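Same chain, two partners: chain A is paired with chain B first, then with chain C.
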Partner chain A sequence: MPTTRRAIRESSPLHWGIRTMGVAAIAFIAIYLASTAKPSTLGNITEACTLAIAAVGLNLLFGFNGQISIGHSTFAGLAAFTAGYTVNAWEWNPYVSLVVGLILCFLLGLALGLPALRLKGPYLALVTLAVAFVWPTIAAKFLDQKVKASTLKGTKLEPLSWTGLSVKGKDARLDKAIFLYWAAIVILVVSYVIVRNLRKSRIGRALVAVRDNETAAAVMGVNLKLTKTVTFGISAAIAGASGWITAARLATMDETTFTILSSIKYLLALFLGGAATLVGPIVGAFAYFFVDDYLKEHAPEWDWLPGPLSKGPVASFLLGVLVIAFVFVAPFGIVGFVKDQVRKVFVIAPRPLRPAPSTAEQAMPTTEEPRPADQGPETQGRVDT
Partner chain B sequence: MGHLLQYILNGLSKGSIYALIALGLVVIYRGTAHLNFAQGEMALFATFGAWWINDHGVPLWISIALAAIFAFVGGGVIEFGLIRPAGKKSPFAVIVVTIGLFQAMNSLSGLLFENAGTGLPFGSLFPNKPDDFWRISGSTVWRYQNIGVLVTVLVITGLLFALFQKTKIGLAMRMVANNPDSAKLSGVSVSRILMLSWALSAAIGAVGGGLVAGVNTNVNLATMFGVFLLASAAATLGGLDSPLGAIVGGLSLGVVESLVQNYPKDWPASDYIGADTAVAVAFLIILVVLLVKPAGLFGSSRVERV
Partner chain C sequence: MIRKRYHLAAFAAVGTLVLVSCGSDDDKASDTTKAAAATTAAPTATTTAETSGGSTDTTTAETTESTGEATETTTEATEATEETTEPTDAETTVATEAPSEAWTVDTSECSDPDAAEAPIEGELTIGAAQPLSGTPAVAFSPVKDGFELYLKYANDNNLLEGITLKSDIKDDQYDATQTPGVVDSLIDDGVNIFSGIIGTPNNLAVRDTLNEECIPQLLNLTGAPDWGNDVASYPWTTGALVPYDIEARIYATTLKGLIGEGGTVGLFTVNSEFGKTYADAFKAAAADAGLEIVDEQTIEPAEEAPPTNQIGAIAADKPDAIMAVPLGAQCPTFLKELVNAKAANTDWNPVVFQTNTCASRLLISLLAGDAGNGVYTSTNLIDPVDPANAANPGVKTLVDAYTAAGLKGDLATTAVGWTVAEDTVAILKKAQESGTLSRKSIIEAARNLTFTPSLALPGVEYKMNGEEDGYSFQTLQVEQWDQPSNLFKNIGTPDSSSES
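Presenting the complex of A and B:
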């Protein structure tokens, strides 16, 4: 280790200062955008947030617990359809529908977590893929039977009165966009905090232990069944929250709103940002969404592209190529890449361990685990907020 | 019950296509333990290639064969140029690369071939006039097309099994599937075998794509997506590392799909189970099978050493 690298002590005033400034900068950008941006920009950010929420949920399951799921679009779809149906047909309060949707997603997640106990790796991937494949046919059936139409209306979420945003009038469109924007950000932050706190707690250590070696985790006393199914449930519920935002954002939904392609998008966002890091899925979702958006808008106009590439679905092709190229540049995602670069300048040194008891009589099992100096890609995001 | 045989015959031919694509997945999985999410789209690209060759006046069968050769080379190049280097980077990298390939291949087909989105006309590979069938008994008929697809798949499968069981290359492939480290120590070039697996899998996919397009008499950007998903389900059912499993899984999935599509018409529950939910029912059955045998019907379950 070169001595020129600065070490920042974890939880030292400097470390806290950097973290506070990072959070403040993000909060400032969020407020600045809300007060200046156009409704379409806000809508884009809201959509990126829904992607980020789902990716955060998937990260808990795949990144930290090692269970891959290509079926998370189903949970988003279930919550979105629950909200759309209960609000429109039964005139429920949208927030009640959110809670009910989350509970349903949690239960479905638990149910899907049960076969996941027996299935490993690619088998689980393919079973969840099958679930995502089946969802549109069930959704279409539901629309046929219950709504008697090919689409389901969104929840038409209106700004709450205490926010001071207008429901009617000339600013209604902008104000609604602002409200949705904040709703999405609040849900994103809440999901992030849930996953972060889980990860940093005893449960999080159990999750990672199960991911790294199930047998060893079981031997150490981790309840495999409970851990894996409940993780699946929580992850599903977070994906459901993303679906609820989608239901509030869209005027109408149909069976094609949540397909396997959405699930693949969640996975890509997670991988591009950095799986098994806390902020990775959020960074990845925003990067993926805005690169995709930029390419869709501008790529068809690029004249310098050779022959056949100058027309047709060029944006989608370039995105695929970019994704492949990106993997070679940053195999552990954006966060992994940034951390590698930052580590060249300074390192975050762990807190010193509690001093050991002086005599043998006082020796108690220490509750604080020693933190390995270099946890590789698993290192928690501390400076990158 | 009079239609039972008819439904089974139709299902067998549909299932044989799933079996073929599933076989491609299995060939790759045995070597590298990777799922190739781009399997369907690679096949799609090759099928467009076959259409293009056919469009230039080459007979359809020969164009599919040429496309399969092209796919063979392409598959090897993809393994060598993308998959192998990605595999050295991180465990997620290969998944991401295959997903990226999935997207890139699909849109590349859309870019290179005009009107690919709406569909290009593809000739039928087998005689398929209204009276081209073999009457088995009464109203039960076996269409030449269904026979042709099934026989083609069985012939290709037979050739593959001969390759696996009777040749030196096949022996090396089985060694790599069984234990790559020991294979390497015995002097097998593991990397070359993996490259061959990808090449072989891509070529199998190209033939499968040609069969699908021939049955639909059309090839468009969405042709292979559903087929790939069902094929991957078939491979899961049979066991991802078992070629025999892929065949059995594919055929049985096709038959189950065909039965569920046709039978419950007169049942009281027909509002809920019917043609459009056949796939859902098929997947439910697969799930139940996997609960009993988590590594698929013929897959080898790995024993964990503690």
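Presenting the complex of A and C:
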């Protein structure tokens, strides 16, 4: 049965209005929480932001460029250890350590991007998996030989004086939580903007072209080596930013702080939210974190679960079952699922073509993610403009 | 194509997560075992000693009368053993000699000094972060049951006059990155003190916060030496287990008796802070004991495959003994792999020591089976599972409460939680006796207390003395697993040589 849907023209005043309202709503919630939430709530959001930042970086690599990585925990670990060590041993400014950490991660990402030139899919995944497995050993050796201790202290990021937040006294715990909360949000927003702008640019179209068909992309003039290695580098640097926040949040770190499990969490957040969508990794990270938190809090008390699951240590198991079930229902993640539902009500109609596109632009592959709903007969319904 | 790729990648990720979590769902494990960290802890009940805050040297007697059954049972337990080093009195909690000047804590650096000294009245909530889900929960979750069980017992018997004890234990999955969040939320919920947080990195992750906030972080369930070697910097943090370096030294001494001076030892350790602490301490102790380390092998903390290569390398040197420091599920896989190596080297039958974090029936008996027979380890608690201890009053009290509550987790591990709670209540009682029950008086009581837990082996006692002695328990009994009887057998007498 044909449906009647309303179309909103892309970049029209209405479209901008909706976008602005969305951003304003998120900003309001962020400010409201900073003003009213307890330190533990702010800490949870900070932790969710940390996961979201890493997932955003991974999305650039996997979602838009088609290169899978199970080794992003290594980049987070490298930046975190760089920050922890330089701040504590060399008394560096934590923000300088952030820059240095990002550069190191970018360079390591470039290096890891090299095998990606010849490897694809599961073979590339195996290489990055090996990197994730190697990191704890490297970290342990570093602690043993350089730090001469079993743990490395975090950076203890303290509020900057101009913020007016206190460092000592009764409110210090809350103020430190507020500062870290904003630091995480700022880094998340910057990461998002970087990925968004890359995605919307000529480079982004090249990324997607490489993902969809490397041969065709090369034929059209995309530099495969440069595109793939630099993407790996940028993605690694963003994951490093996530590690820097972790170093600021934790009092101590060791070789178990960034393991293969961390990488798997990044991937889960990405798939839960929706890979190859801009906000998907953020939505997925928050969903994953807070569902996990809820299950850990309540599942051990659930006596309605059958047999050995009743009042048992089952939070992780239930989380896995939920994710599997969700992947069946919404294979494109939360954002993909919501978009499909919204699309039944109205669509965003693309801007009219520009008068004289260049030959090169015409040759660029489509930047829109193929969606089944875009291709079926349902989408042919009447569009009111 | 894209859809297929997403599916594959998503399933790979989810599959790994489920695999990681599956360990916790072994129903055999859920109702039989768990003890891992267990054997060590230790708790309270009989002898409360010395000073009570301030500078008094007097001791308090009669206080114990009011503790009712708990005290009585413990005292009886002590009498039954006939080996207690502390003089006990059936009706008193006793106050023994006190240091000339009791240790006090400075609250001026606290984020809120007034809150640290504010009286706690009516209800006192004890918080903790422990693994309640995921693989580690298999071994550790009965600790929570035991802890809550003793608090119920304390409330029912009015052990703390005018105070109702509550616990709020949340899940950190043994993941130190999660512990700060859990502890933060517990602080926000109004928890008064923390007790029994499990795991070295987990406790380290919150030590700074709790010391800045001046909230007592009592009886950490880990044996890292960190909990007692820097009282001045971290006055609000104490440990519950015998420090790993003391344990390693006791093993080296025992080994010398078993294989003689000049005997050779292979060292197998997990490549983590835990393993490194052990390895360093054991190597130093072995050198003092005249033992020769002929091979050192390590295993990564996350490694789950049998350590075939490592054991093969040790077997090639055929040492007289092996000191093994694996982690969790690596304990049984090490023992099984060792059996294979011995089968391939029939003339080689080394003496095997494992750290007491492996000393649980789950790890040694159920998972390793016959491979666990004869392995040496240590404890400082009476084994409540051993029928020979059934008549012990402390064991009887525990078993009665355990049965009445319908618990099914491993009894020995439950005893650890019970004992930590018993210690905590003893500390609180001493703090209450000082006049004001506050966070300040609680940590001062914790660091100025001598106390014998009801399930403690002879000679084992909680004993802290300000900055001079920052460790609560320092005595261990070496024991050997006997698979046919499914019991541990004590080897020699408890080693108290590290007590200060």
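Note that the second predicted complex is superposed on the first by the 349 of 385 C-alpha atoms of A that agree within 3 Å, B and C clash if a C-alpha of one lies under 4 Å from a C-alpha of the other, contacts with A are read in each partner's own complex, and residues count from 1 in each chain.
Definition applied: a contact is a pair of C-beta atoms (placed from the backbone, for glycine too) under 8 Å apart; a residue touches a chain by one contact, two chains touch by 3 or more.
The shown structure was predicted, so the numbers you read here are calculated from the model rather than taken from an experiment.
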Both complexes share chain A, so when I overlay them there, do chain B and chain C fit or clash? clash
Output check: A:323 vs chain B and chain C. Expected answer is one of first, second, both, neither. What do you get? both
Could you look at A:195 and tell me whether it touches chain B, chain C, both or neither (first, second, both, neither)? neither
In the overlaid three-chain picture, which partner chain does A:332 touch, first (chain B) or second (chain C), both, or neither? both
Touching partner for A:137 - first (chain B), second (chain C), both, neither: both
Classify the contacts of A:275 with the two partner chains as first (chain B alone), second (chain C alone), both, or neither. both
After superposing on the shared chain, does chain C or chain B touch more chain A residues? C
Quick check for you: in the superposed arrangement, does A:127 touch first (chain B), second (chain C), both or neither? first
Classify the contacts of A:55 with the two partner chains as first (chain B alone), second (chain C alone), both, or neither. neither
If you stack the two complexes on chain A, which partner ends up touching A:39: first (chain B), second (chain C), both, or neither? second
First (chain B), second (chain C), both or neither touched by A:314: both
Of the residues on chain A, which ones does chain B touch that chain C also touches? 121, 125, 133, 137, 140, 260, 264, 267-268, 271, 275, 308-309, 312-314, 316-317, 319-321, 323-324, 327, 331-332
Okay, in this complex, where on chain A does chain C touch? 38-41, 43-44, 47, 62, 66, 68, 121, 125, 133, 136-137, 140, 143-144, 150-151, 156, 168-170, 172-173, 177, 246, 249-252, 254-257, 259-261, 264, 267-268, 271, 275-276, 295-297, 299-300, 307-309, 312-317, 319-321, 323-324, 327, 331-332, 369-370
Under the touch definition given earlier, write down the residues of chain C that touch chain A in their complex. 2-3, 5-7, 9-14, 16-18, 20-22, 24-25, 27, 30-31, 111-112, 115, 131-134, 137-138, 141, 170-171, 173, 176-177, 180-181, 184-188, 200-201, 204-209, 212-213, 224, 271-273, 276-277, 300-302
Within the complex, which stretch of chain B touches chain A? 29, 33, 35, 82, 85-86, 89-90, 92-93, 95-97, 99-108, 110-112, 229, 232-233, 235-236, 240, 271-272, 276-277, 279-280, 283, 286-287, 290-291, 294-296, 304, 306
Spell out the residues on chain A that touch chain B in their complex, using ranges where they run on. 115, 118-123, 125-127, 129-131, 133-134, 137-138, 140-141, 145, 215, 219, 260, 264, 267-268, 271-272, 275, 308-309, 311-314, 316-317, 319-324, 327-328, 331-332, 377
